[in-house]
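Same chain, two partners: subunit A is paired with subunit B first, then with subunit C.
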Partner chain A sequence: MLVLRGYSRLIGIFLLTLSAFIIVAPFLWVALQSFKYEIQILQGTWFTEPTLHNYVDVLWSQRSDFLKNVLNSMIVAGVSTICVLVVGTLAAYSLARLRWKRWIAAGFLAWTLVFNMIPPLTLVGPWFLIFREIGLLQSLFALVLTHITLNLPMTVWMMMAYFNELPRDIEEAAMVDGCRRIDAFWRVSLPLVAPGLIAAGVLAFVFSWNEFAVALNLTSRATATVPVAIAQFSQQYEVQNGQMAAASVLSTIPALLLMFFGQKFIIQGLTMGAVK
Partner chain B sequence: MTHVLLRNVEKYYGAVHALSNINIEIANGEFVVLVGPSGCGKSTLLRMIAGLEDISGGDISIAGRRVNDLEPRERDIAMVFQSYALYPHMKVARNLGFSLELKKTPELDAQKAIANAAKILGLDPYLDRFPRALSGGQRQRVAMGRAIVRRPQVFLFDEPLSNLDAQLRVHMRTEVRRLHQELAATSIYVTHDQVEAMTMADRIVVLEAGQIVQTGSPLELYERPANRFVAEFIGSPSINILPGRILDTGRVEIAGESLPGPGPVGAKSGAVDVGVRPEDLHPADDGALFGVVSVVERLGAETYVFMKCADADLCWRVPGTPKINIGETLRLAVNEERLHLFRPEDGARLN
Partner chain C sequence: MKAAAALATGGSDYCETSSTRICLAREGADEKNRQYSLWCRACAAGAPSAIWCQLMTSAESPAARRALGSITDLLDRHIGWFTLGPAILLLLLLTVYPIINVVLMAGSSIHFEAGQEVWKFALWSNLRELEHDRIFRVALRNTAIYAVASVLIEMALGLGLAILVSSMRRMKGFMRTLLIVPILLPPVAIGSMWKLMYSFDFGVMNQVVTGLGFQPVNWLGSTSLALISVIIVDVWHWTPFVFLILFAAVEGLPTEVIEAARIDGARTYDIVFKIIIPLLKPAIIVAALFRTILAFKVFDEIFLLTSGGPGNSTEVVSLYLYQVFFEQNQLGYGALLSLAIITATIVFILIGYRVKSATEAS
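For the complex of A and B:
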């Protein structure tokens, strides 16, 4: 562990405070706006008596679909995360354990990377056309499929790091003890990579929850997810700043909760294999 | 009765010929040790018996059943791994009983078997702990216990003691032997440590570069090594190899001095490597070996005297602690009936 003393300690604290401020400040500012009336926001008043008006409006008013949007997001993020975990874990196990020819494994992994390297927006156009052709446009199902595609590479890579860390001996001992390979996977390997599952699951869920570009283009009013809904508070003739701020604050709650409970596993997962 | 039979077993890793023409017969209840330097194929052979590696050629049968195409779980074997390979997410009791759990053994019988194994190995106080809360020695016992609980046809051990400290290793050596006496189960034990092999084995199989070079009881190997490799590998301190000649008369000559006794018969004349165990030397005024003492190691019960002689390093093992000083000149004679003669080109035994 790095221990700083004297001047370097002061500088370190200053830099940390600065970066924390840069990250947190915009969010705090938005949170501040969410407790003001529209007129106060436009006037730029700094401190006012807080009101929950925006929240009530976002959650319960006739013209807001926010609860429906939350449900959509939950469905898309939840289902895509589960699928990504199932497929990603099995793929990672296969790549890490079964004796694939080198070029097959390398080719597969390189191909998954492509999806992380090109901006998702380049894929949106083709996807739009594909889903229109097969009649899935504006369905949650289509959005789930795209999120699976976008999240799978990271999950495969991360789970592979976990499986590679797991000594083969343990699985072999299980197989000598009476397991078929599938039993060894299910009863021994999988429980041991549970931290990886949690980390990969949280990251996939949060990504899907926040994903905007694809959702904006592939959903309708009925299937809009939370980020899309937030954007729609700003329309051509009217920008509902207060409601937008309130919705933004509300939308961060699930991600914050997940990150809070999963952070230990995520840090471990992202640095897996980096230090031995 | 033959219990484990390996016939013409071969192993290829791609183009690498890891094992060639392995033939071993192991009797019921026998404790066989596979020994050899690192990389000679011991683990590979053991894993082939366990079913963890494919067999490239030949047959392996256990209890009269050909097992080539059986999965590890169908072979009725138990294996103790060098890394112990305990299940980190299960407590000791469940680690011990996992195989019974898989076999759907009735709860009561399983508990009895676990309790029994725990008692034999002194694991009672630790049954409720996770492996990470155990010391190396305790983990090693759990790994052994996991094998015992099974009551398998064959026990396989892959260097199970090599991660223990020296003292514990010596202790566990006797412990494993005691267990074997109690259970009388056929065991195949892999090690690179010749002392372990000598002290534990009923029979030793020496492997070198994927081939069996000699099979026999520890004493047979010590007293009649089949070649120079086995002679040098078995025994500590290592055997002395001295360059010599076989004369036309059939006598052996070392360092230019013909040995007085009748020469070993049956070997052609010419250059020869003469193997002399460190204890087969004794001081004699007319001895053939003559040199200056360079190092003296006193172990209490015995003393190793090292000297340079006939261009070779010579080690002499003397009981007790005789007064011998560095720099002193010694003249030693060899026990001629205990000489080992090896052909210099390939190390094959000549006498």
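For the complex of A and C:
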């Protein structure tokens, strides 16, 4: 690879340190604000005695339902991730291994691509009317359904890439030995694409946890997810800056945990297909 | 390796080919597939995989076994529809049907009377409204500016960072770990974090600006600056994504080419601009496409930071859709806008597809 020497190496190190600082600094500053009283934030004081006041307020005060929101987010992200993995992996296997008529396979893939590219808000209007019609508006079930749909294209495309990397002979050998197609899938192929399942699952969970546009319009106060709650903190008449900071910091915890424990899979998922 | 694959997939005669032979041919052929060859070794050693299948169907009682067997038989016979069916059903119910609904809604005006939807035919008035809709045009223009500016800046920064990090001996893993964080944070949290930072009175941005001896800047409140401020947030959020893709590509480049160039006396500048960047072209195109799509869909951050204001200076397409649908309750007209955007997206995909196949052909 490229090797820098002398001054250019120093400049390179300086630039890298600077960019690392720029990435971290906003987060640290906001975390710092979350440990201050409102008046100290407004005065712009830098060093104060830290207080947990904001966190206590966000988590346990009468006015906020943050714990309820976390629970909602957990349910929606967890259930939709499991469902999208099942549906998406089956579909990916089907498209990668079974013989489909060309127009079905091409049509399916093209449609998922188009759907992945249009802004979700174009469909939120009709979703609103449809769910209203069948009485599911403002229910977690409706939100789970939409999140499965939103993450389906990504899951199908990713899992297809993993299945395509497996040589067909493995499965065919198993079938020659007497496995049926379904056993070959369950016993042979599926364990071999486990890394792909984890990568797709982690990303689907994160996207569902972060999703805001649909959740904003299809939930009520009782079913609001974490992003909706954060938005409400900043939309109130009397903006509570400290609570806003505390809620933002709290909402990043799952992402930080995943970064530490699932880093390899996230990088694999995000960069796959782009680098070949 | 290729011979083995051909043996296995070579039409009708693969039934006669014993799996053991395939496995023996495959064994050790591919370093990457060590896991499979482990399995292959097992079957070569006389442990047929049929044992697994028996394991699967061997329930306790014969009756349960028969029931399970018939279910798996059914699944096996119609495996195509059992695997692809759920996904098709989901897409039909939650994307195709709503889009048909969008088409119907686009020609109507919908309002609620006593909890009931009332639909009236209003295609012409909706079209007339679209024709005179100044805000929609502003939103389109802002989205275009936003997408082009943020993607260009992110590509430049991401590419620079990727090459720089790959040239370092240490810090590679550290930088990569650090740079994943913004991608995974909820966009809403990023919006509210930057809203605090942009605050005119106490935000850290103005503390820095006044610390340097300038007048405080009204980041989100001035019509000329708001769009730029929003683009800065987007650059902070998504440059790491571009970096990740391009860094993986840089690490995958053949080192011999660069070594050879250096031995021939090429300068760093030439290596970067005449070797590395041309070799990265496919990855650069993919990263730019991904980012353009995401930039086109932007909603969360802008909703949090400015809600389209001041005036319409940060109004973007998604935000305008939200306002028409859910603040002005014009479901019919909103559907017409959605239809226009969906059509525009499909046209964009077709153009992108042409460009991609054209660059691949050349």
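In the analysis below, the second predicted complex is superposed on the first by the 242 of 276 C-alpha atoms of A that agree within 3 Å, B and C clash if a C-alpha of one lies under 4 Å from a C-alpha of the other, contacts with A are read in each partner's own complex, and residues count from 1 in each chain.
Basically, a residue touches a chain if its C-beta (ideal position, glycine included) is under 8 Å from a C-beta of that chain, and two chains touch if they have at least 3 such contacts.
Computed from a prediction, not measured in an experiment: that's the story for all the values here.
Novice: Quick one: classify A:Gly178 as touching subunit B (first), subunit C (second), both or neither.
Specialist: both
Novice: Considering only the touch criterion stated at the top, classify A:Leu192 as touching first (subunit B), second (subunit C), both, or neither.
Specialist: In the superposed model, A:Leu192 contacts both subunit B and subunit C.
Novice: Per the overlay, which chain contacts more subunit A residues, subunit B or subunit C?
Specialist: Of subunit B and subunit C, the partner in contact with more residues of subunit A is C.
Novice: Once the structures are superposed on A, label A:Gln43 by its partner contacts, choosing first (subunit B), second (subunit C), both or neither.
Specialist: second
Novice: Given the touch rule stated above, what does A:Thr122 touch, subunit B (first), subunit C (second), both, or neither?
Specialist: A:Thr122 sits against subunit C, while subunit B stays out of touch.
Novice: Please work out whether A:Ala231 is in contact with subunit B alone, subunit C alone, both, or neither, and reply first, second, both or neither.
Specialist: After superposition on chain A, A:Ala231 lies in contact with subunit C alone.
Novice: Just to be sure I follow: which residues of subunit A are touched by subunit B in one complex and then by subunit C in the other one?
Specialist: 167, 169-170, 172-174, 176-180, 183, 188, 192
Novice: Touching subunit C in the complex: which residues of subunit A?
Specialist: Where subunit A meets subunit C, its residues are 1-4, 8, 12-13, 15-16, 19-20, 22-24, 26-27, 29-30, 33, 41-44, 86-88, 90-91, 93-95, 98, 100, 104, 108, 111-130, 145-146, 148-149, 152, 156, 166-170, 172-174, 176-183, 185-188, 192, 206, 209-210, 212-213, 216-217, 226-227, 230-231, 233-234, 241, 244-245, 247-248, 251-252, 255-256, 258-259, 263, 266-267, 270-271, 273-275.
Novice: Please give the residue numbers of subunit A that touch subunit B in the complex, ascending.
Specialist: 167, 169-170, 172-180, 183, 188, 191-192
Novice: Can you list the subunit C residues touching subunit A in their complex?
Specialist: 4-5, 7-9, 14-15, 17-19, 22-23, 26, 33, 35-36, 39-40, 43, 48-50, 52-53, 56, 72, 75-76, 79-80, 82-84, 86-88, 90-91, 94-99, 101-102, 105, 110, 117, 161, 163-168, 171, 175-189, 191-197, 199, 201-202, 204, 207, 236, 240-241, 244-245, 248-250, 252-253, 255, 258, 268, 271-272, 276, 283, 286-287, 290, 293, 296-297, 299-300, 303-304, 317-318, 321-322, 325-326, 331, 334-335, 337-339, 341-342, 345-346, 348-349
Novice: Can you check the complex and tell me which residues of subunit B touch subunit A?
Specialist: Subunit B residues touching subunit A: 50-52, 71-73, 77-79, 81-83, 85-89, 98-99, 102-103, 146, 150.
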